[in-house]
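Consider the two complexes below, in which subunit A is the common component and subunit B and subunit C are the respective partners.
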Partner chain A sequence: MRAEVTSALGRYLLTIADDELILGYRDSEWTGIAPLVEEDVAFSSLAQDEIGHARLYYMLAADLLATDADELALGREPDDYYHATVLETRTTPKYDASGAHRGGGDWARAVARRFLYDLFDDLRTEALLRSSYAPLAGAVQKIRREEQYHLRHGVAWWRALASADGEARVRLEGALVALWPGLLGLFEDAPGEDLLVSEGLLPHRTADLRDAWLERVQGHCDAAGLPFPSERTGAGWSIAVPPEVGGRQGRHGPAWTELYDDMTMVRRLEPEAVW
Partner chain B sequence: MRASAITEAEIWEALREVPDPEIPTINVVDLGIIRRVTVGDPIRVEMMPTFTGCPAIDMMRRDIEARLSVFGPVEVVVVYDEAWTSDRITPAGREMLRAAELAPPPRGGIRLTPVRADPVPCPYCGSTDTQIENLFGPTPCRSIFYCRACRQPFEQFKAV
Partner chain C sequence: MQIYEVFRQEREGDPMVHVGNVQAPGDDLARQYAREVYSRRGEATRLWLVPRAAIEEIGDAYFLRPPIERSYRMGEAYRVTVQKRRQLAQEGAHES
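Now for the complex of A and B:
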């Protein structure tokens, strides 16, 4: 592989790994405070799976970028992380050292974000099965088996909240509207994707997955009687809101500063610690 | 040197003495996570993790290296280019899971919910009057069930 291709593939793998790590980290914050004890277990397990997937993608990236997975996961500067910004926001109440939780938690937003991200990730990994880079194609084959449990869990909660009367339904509708620009930001390309497509390492660009995702999300909205935030036009889709982009370039919001400080705290205190 | 005198069968036999750190009734061979053993210098062992996020991967790698070190230098390579599936657990391994009071996974790959034709028997009383409580459990590889006959929750090793 030519040096520029190796570096573009490494960069692209970081995008996926960062998505998985950051969503895993944020979802792990529900451990102990989810609305049901069953969901304490489920969300913790989902988060653990995603962090495991992140580790595998970091290992693949580390081989290409001549570094190690721990360094990639926890040793970069904040603007060298490439996850979509929608994944970095907190959905749990903020813990305060005094023991009093501040408000702001939203289970419906956590459920909607996880399910709609998983629908995106399912399309992404399905495409990566056809990558000519064998270690990546093999890794996603493994990851996709585990993700079937995630999709099953996601659709069950999507239906449960949508079919509930009152606050659950209202919150899910609100979450869909609030998350929509950020979810569209998932489809921002990483630099170098054109090169990876022309070299056969990716079957198509991340942006090309968007219409298939809109189609699937619309199906789930229709099935649950939820308002779908975009409109289908003759040949494509009418998107009223601009996507929230920048994450794939390393530009993030204030939630990331807070999360980065938490996430890298042990690493900064004890650089030799392993995870 | 010693490495030239040992056989692959001896290595496999020694690997059967390396237990899973979470489920010590089963060993790494019957769990189906050893893909290949190559006798040489070093001895090379290919290991397939059950679940990607399993925190026991590094521990198992160290345990294997420690057990085989009597034969000479050992290299354990964790491979991800082929997916481990629960169908790799041997028939003896399924009994070893039962000995740990875990229901073995259904055969035939992923099954997200139990079906009437192939119920999940309770590992305590054997009743098939059981129901799934949670697809997720205390580790990535387990689901939680409830036995209506003996009124006992139990865990199943997930099909994947």
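Now for the complex of A and C:
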């Protein structure tokens, strides 16, 4: 592989790995406070799966970028992370000793983000099965087996909240509107995707997955009787809100500063420590 | 919200054994929860989920015990039965 292709592929893998790590980290914050104890176990397990997937992608990236997975996951500067910004926001209440955290947090938002992200990730991994880079195609095959359970979990909660009367449904509708620009930001290309496509390492760009995703999300909205935040126009889509981009270039919001500090705190204490 | 009783088979051919229960808002999530809680490390070849409401319980001791003492019918003190029991107990002791 030519040097520029290797570095573009490494960079692209970091985008996926960061998405999975950051969502896994945020969702793991529900451990202990999910709506019921069974869900606590299930949601924590899903979060752990995502971090496991991140590890696989980091290992692939580390081979290409001549470093190691831990260094990639926890040793970069904050603006060298490329996850979509929608994944970095907190959905749980942040503990406050005065008790001010009570009533904060939004389970509907956690459910909606997780499910709609999983629908995106399903399209992305499906495409990656056709990558000519065999280690990637092989890893993705394993990851997809686990993701099937995630989708089943997501659709069950999506339906449960949408069909509930009152607060659950109101919150789900609110979450959909609030998350929409950020979710559209998932489709921002990573630098070098054109090169990866022309080299056959990717079947198409991330942006090309958007219409298939909109189609699927609309199906789930219609089935649950939820208002869909975009409109179909002939062969295309009319998107009223601008997507929230920048994440794929390393530009993030204040939630990221907080998360980065928490996430890397232990490692920064003693970067050379061997665990 | 419903409670489902969970039965697990650990190896093909083994009996289904009651292992506990899960609470879930519906069948789909109950399946997920049972998988996470009772076969997280691949302990099961098969799980059964039974809504607790579907269980017909008999807990009436009066109904369950025969009203007339009939232990003479059970042959517990027959010489052959006693010998067989002793033999089985010994074999068990050898195995362990």
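By definition in this document, the second predicted complex is superposed on the first by the 265 of 275 C-alpha atoms of A that agree within 3 Å, B and C clash if a C-alpha of one lies under 4 Å from a C-alpha of the other, contacts with A are read in each partner's own complex, and residues count from 1 in each chain.
Rule of thumb we're sticking to: a residue touches a chain if its C-beta (ideal position, glycine included) is under 8 Å from a C-beta of that chain, and two chains touch if they have at least 3 such contacts.
What you see is a predicted model; the values in this text were computed from it and never measured.
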Fit or clash between subunit C and subunit B when superposed on subunit A: clash
Touching partner for A:E38 - first (subunit B), second (subunit C), both, neither: both
Partner chain(s) touched by A:W157 [first = subunit B, second = subunit C, both, neither]: second
First (subunit B), second (subunit C), both or neither touched by A:Q48: first
Subunit B versus subunit C as contact partner of A:V217, first or second or both or neither: neither
Which superposed partner A:Y149 touches (first subunit B, second subunit C, both, neither): both
Subunit B versus subunit C as contact partner of A:A139, first or second or both or neither: first
Partner chain(s) touched by A:L56 [first = subunit B, second = subunit C, both, neither]: first
Contact breadth on subunit A, by residue count: subunit C or subunit B: B
First (subunit B), second (subunit C), both or neither touched by A:A73: neither
Of the stretches 41-49, 59-67, 77-85 or 149-157 belonging to subunit B, the one that collides with subunit C: 149-157
Doubly contacted residues of subunit A, that is, touched by subunit B and again by subunit C: 38, 41-42, 45, 149, 152-153
Interfacial residue positions of subunit A with respect to subunit C in the complex: 36-39, 41-42, 45, 149, 152-153, 155-157, 159-160
Subunit A partner contacts - residues on subunit B that touch it in the complex: 51-55, 80-85, 110, 112, 133-140, 144, 158, 160
Residue ranges of subunit C touching subunit A (in the complex, touch as defined): 1, 22-26, 28-29, 31-33, 35-37, 40
Residue ranges of subunit A touching subunit B (in the complex, touch as defined): 38, 41-42, 44-46, 48-53, 55-56, 59, 134-135, 138-139, 141-143, 145-146, 148-149, 152-153
